[in-house]
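Got some structures for you, see below.
Shared between the two complexes below is subunit A, which has subunit B as its partner in the first and subunit C in the second.
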Partner chain A sequence: MATVDLNSVFVRYDLKKEVIEKSVSTSKDVLLQAVITAVVDGDEDAIPGAVNAAFAAHDPMDIIKDGLVKGMAEVSRLWDEGVYFLPQTIISSDAMLAGIEICEEKMGKAMDKKGVVITHTAEGDIHDLGQKIVNALLRANGFEVVDLGKDVPVDDVISAVKKYKPVMVTGTALMTTTMTAFKKIASRLTHDHNELPFVCGGGAVSLEYVNSFDTGIWGKDAQQAPGMAEDAVSGKSWSQIREKYNG
Partner chain B sequence: MSEMSNRERFLAKMAGQETDRTPVFCADQTATYEQMEHLQAFWPEAHCKAKDMATLASGAYHMLGFDAVRVPFCQTIEAEVLGCTPKHAGREGLPSIDVHPFKIGDPVKPLPDNFLELGRIPELINAVKMLKEEVGDKVAVIGGIIGPYSIAASLVGVIDILKMSFKNPEKLVPYLDLAEQAGTALAQALVEAGADVICIEDMMASMDMISPKIYKTSVAPWETRQIKSISVPVILHICGNLDLIIDDIAETGVTAISVEPKVDAPAAKEKLSKYDRFIPLIGGVDAVTTLYSGSPEQVAQVTVDAINQGYDMIAPGCSIPPGSTLENLKAMVIGAQRQKAD
Partner chain C sequence: MAKYTKMAYDSAEEMIFGTAKFPVKYGRDFEVGGGIVYPELVPHPRPGSEETKKSLMREYERMVNDALERAVNLGFPGIQIELEHVWQMTKNPDWGGDIAGQTRKQQEDFYQKYGLKSAIRATIADNRKPDEENIRDCKSLELALKTFESSAANGADNLSMESVGGKEISDYCIVRQDIRGVLFGIGVLGSRDMEFMWKKIVDIANKYGATPGGDTDCAQANVAMFMAGGMLDKSVPHTFAAVTRAIAAGRTLTAYEMGAKGPTKDCAYEDPIIKAITGIPISTEGKSCACAHADLQGNLIAAVCDLWSNEAVEYHDMFGGTTPAVFTEILGFDVALMNTAIALGKAKDLQEMFINSDLYRDPHSFVVAPHNAYQIGQALVANNTDYYNRARAAAVKSAQLILADGKMLLSNFEKEVLQKTLRELESFPDKESDFIDQCVNAYKKVIPGFNPANYGL
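Here is the complex of A and B:
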């Protein structure tokens, strides 16, 4: 069994001491642990070496699940506890995505996708960081993400829905001046009799606002996205998903 | 005490003096669709033309009863002049930055000598002059500039600046230098045009974006340099929860701090009370849940509570959502009057 000295990781990040004393989810497998560490560390350069080494004992799917995604879960935990800030999570998610790409190449085909999710950041809003995290978590959990990017006009969201037939749509907004686009998107979709769950989140977006229009589900944080998408795939309606998460 | 004019009230509180009631204003954009209709000054013209900009901004005094008026409405004026391509958003929205001109590592030219004559800057300067002439004796005039880190983010892209702030902040120095010089030059011009106060919006320096360590390394030194160069009182507005950096912000030398309600106001006040100057805490009303989605009564009550909690000046915690109702906006002033009467 390998012991990995996470202290060195935390020292480098200038982190608070109490975190080190908390239990950190790790793998007993030295190869997978190296993958986890590279993700937690946000060390994209270390990812190819760690992932390729892990192929000696693990199939690519397991490396994704027990290495890359597990590392990102650790990053999410550090984020939740206020230890990691956004730059670290972006760098970690880059590392995770680089690793997933290597695993997918090894498998010879992309992972079977559970369904399509369209993500976007509201028109006028250049803060697409929350969306990036949502994308990474959805992909890591086996969804195909159609990433419309930031500053997306309402019309583009509507035509993407027609084209890709997603199970769910997400919108993020960090600016108070941009979030009103979400209500327009929801009403355009329901007008077309398309009652897709429309998950909205981000700094400017409140539960009250999102629940004020049909199909709107408020996303508290990026981590909820994969669970909501699973529910949508399993046939739950927007109102059932809203009830579950927004109670 | 006898009733003060809006301007007297605002400037007295900024200077730490007694006021007849708590001042009310917004450190960020103030325009709403109802004001546009009433004043017949609309976006996008009000982003580009001095007359429309000043007319729409004056609504904060004429229609809302705020103690300060403020221009501009958008956050792209300096960045556009420095080479960013803005994307215009028509009548309903604010321009955003579409194309970031630099990749980190690209060389940076010095600030052009004619910087103040470029792009929409002359219009902004004129708008301040017009506001000063038309309402400047009754209400405080705030000139808005964008903070160094936020302009730098427009220059190189948000994700790239965040990553580099973490990995190798030294590489950001040329962009931060240019951004600071641009904002400072604009601030000085706005002061000469008649601005009583400068508000620096450094929205990218939010803890939703960066860490306290990055604030210390890549934000505070440039904000400090900028604030030192401005000859009038300076408000610094940063979004998000600032509990971890209130002291760092105070140490920039800023006059007053504008925050979102996410901030622990009593704790912030206690920290600020340790400085030998009075540092007003501005904010208290959530721009979305209260101002946009709430009722006038809720807005008034939140205002009363915020004053009792320690806020020295009442303002939305962020830009006013342009769909907010006049009744809700006016309820902030009503709340401040009611709190005084209680």
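Here is the complex of A and C:
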């Protein structure tokens, strides 16, 4: 290739924007800090050792609250500030959930969840990666996820809503010709006087389309899902959530 | 199955747009890779039109007519139309077949009236669910094969697919930056599924006199590339996505080893590597597929193309006409420039401009630039003892190339990711069977539904 000056051709904004910030220590307790560090580093292998060691001085609920969840909060901060990419967040979430499982085993019961969220990928669509990311982020933020999977018929979504009584439903679709199922789901739910927030996103799903039917809230990316679910738990209506995110 | 053990070209310099070592002729006086580049227009129906066969056929009739009419109005020599199946066209084999038949009649009409050269690619949807069913014996497979038959019987010239084997593993691993799983999901499982699928597709194509076209790692490497996104995105590291692309070349090559002839699928960004190895004509997409997604290799990816595509554009009105007409115009003038360069003996000059535009814009564009694609191809064929080793060699070479070129600037984070990825790749076992054992044990534990039997394991 010829040697050329490319400054007039493109600008590498990614190099200008790089954030080099490390995580901050967030506990004075050495045992809890080890748990936090394992979560922040996404080191699932280190979790059993760190959590089991912490049982010597802390009860399981404290380890969850002041170790695992606190570590995940630090991960969220690093992601929000552009230090972490999605994979670092996902593997930290895996580590945190592994730790919670150990604590729950110790407690003999599952920890209380903030609420149930039903997630699905539209009928005819097998592209469910976006949904899986939503699942991971919701679980990492304390929600119980009922994962209906991919290629889910409208009837199955309606039945699951009746069965699990969620605070929110999400739908993912890659293609415009499969997202048409979302309108049918919203229509069936509102017909049953159920005005659950119904967050729809993925691929070619547009704000214009999702806002064309009642209860529909357009999700720009998976990262928004936990915040929307928090709003639903706090009692915000679908129209208030739509106004906040799509307004 | 004969595996590629040498390159079709003596050097990257020999590769150019519009010409392939093994041109393909089909359709209405349509030759791909025979000296000029043609546009490949991909229209997409509006939501709601898929409700009935009648409404979907009418939608396609309008879209195809608008494209052909614009091609004639602007004096384009020829065009390929891709019928990229929405789910309903494959779920109902008669829908896909009848739309292919309708498109053939429209193209014949324009050929007879005006002499417009044309061809049809039918890309059948792969609706198999690897983590939920036996993908070698399921309803979705049965319907897909029937739709290949109905499409070929009704006039599709080129049969293509975007197969999904190994996606259950690669989806899990791409978002965890787990290169072992990506190599396993794409390089090993994806290739094994390609071998299974393409035996069947080639048989069907031969039965009906159609051409087995090609496949794309859209379900995997494109997931990584799209998630990596633009310069401000923080989803998947760009260096990781670039290495994933090199792995995809090993997987996509399987179609051609099984008998596919090309032209390849437009969204297979690994295609420059495929052309270097096979000499088969390729379809690519870049700046003029902005209707479907953003692209960091908008010009570069045209460097060795034989068809030039828009990926997909939904049917709507614009000031300049309907979207199929507008994008036919955009693609048509893109290739007119390339064909002018060929006619004037300036093709290598234009190619150099294409390449320099984007070579250092992103690691992804860097690895699919012809000179790098060629070296990745060389690594692949030199290690073509099994699917694992060839994909691994391609991955290692891509990482080495990025790290070795000081002009390919990387952020500290991206560089660390790449160095870690390379270290991991080099640490994997040499024997494919050892790698497979390691991966089966690891991923069966964490990916519900992963069934090695789906891949003959």
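Going forward, the second predicted complex is superposed on the first by the 164 of 247 C-alpha atoms of A that agree within 3 Å, B and C clash if a C-alpha of one lies under 4 Å from a C-alpha of the other, contacts with A are read in each partner's own complex, and residues count from 1 in each chain.
Operating definition for what follows: a contact is a pair of C-beta atoms (placed from the backbone, for glycine too) under 8 Å apart; a residue touches a chain by one contact, two chains touch by 3 or more.
Because the structure is a prediction, the values reported are computed rather than measured.
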What is the contact status of A:Trp79 with respect to subunit B (first) and subunit C (second): first, second, both, or neither?
-> second
Contacts of A:Ser212 with subunit B and subunit C, given as first, second, both or neither = first
Now for A:Thr176: first (subunit B), second (subunit C), both, or neither, which partner does it touch?
-> both
Using the superposition on chain A described above, determine whether A:Ile91 touches subunit B (first), subunit C (second), both, or neither.
-> both
Does the superposition put A:Trp238 against subunit B (first), subunit C (second), both, or neither?
-> neither
After superposition on the shared chain, which partner residues are touched by A:Ile133: those of subunit B (first), subunit C (second), both, or neither?
-> second
Is it subunit B or subunit C that touches the larger share of residues in subunit A?
-> C
Pick one for A:Asp151: touches subunit B only (first), subunit C only (second), both, or neither.
-> both
Figure out whether A:Phe143 sits in contact with subunit B (first) or subunit C (second), or with both, or with neither.
-> neither
Identify the overlap between the subunit B-contacting and the subunit C-contacting residues of subunit A.
-> 14, 85-88, 90-91, 94, 124-129, 132, 151, 175-180, 204, 209
Please give the residue numbers of subunit A that touch subunit B in the complex, ascending.
-> 14, 42, 85-88, 90-91, 94, 123-129, 132, 151, 174-180, 203-206, 208-209, 212
Contact residues on subunit A for subunit C in the complex?
-> 1-2, 4, 6, 9-10, 12-15, 17-18, 20, 79, 82, 84-88, 90-91, 94, 124-129, 132-133, 136, 149-151, 175-180, 204, 209
State the interface residues of subunit C toward subunit A in the complex, per the touch definition above.
-> 44-51, 86-88, 91, 127-129, 132, 164, 171-172, 174-177, 219, 223, 227, 231-232, 234-238, 240, 314, 352, 355-361, 371, 409, 411-413
Subunit B - residues contacting subunit A, complex | 29, 87, 89, 92-94, 96-98, 158-159, 162-163, 165-167, 207-211, 213-214, 239-240, 287-289, 292-293, 318-323
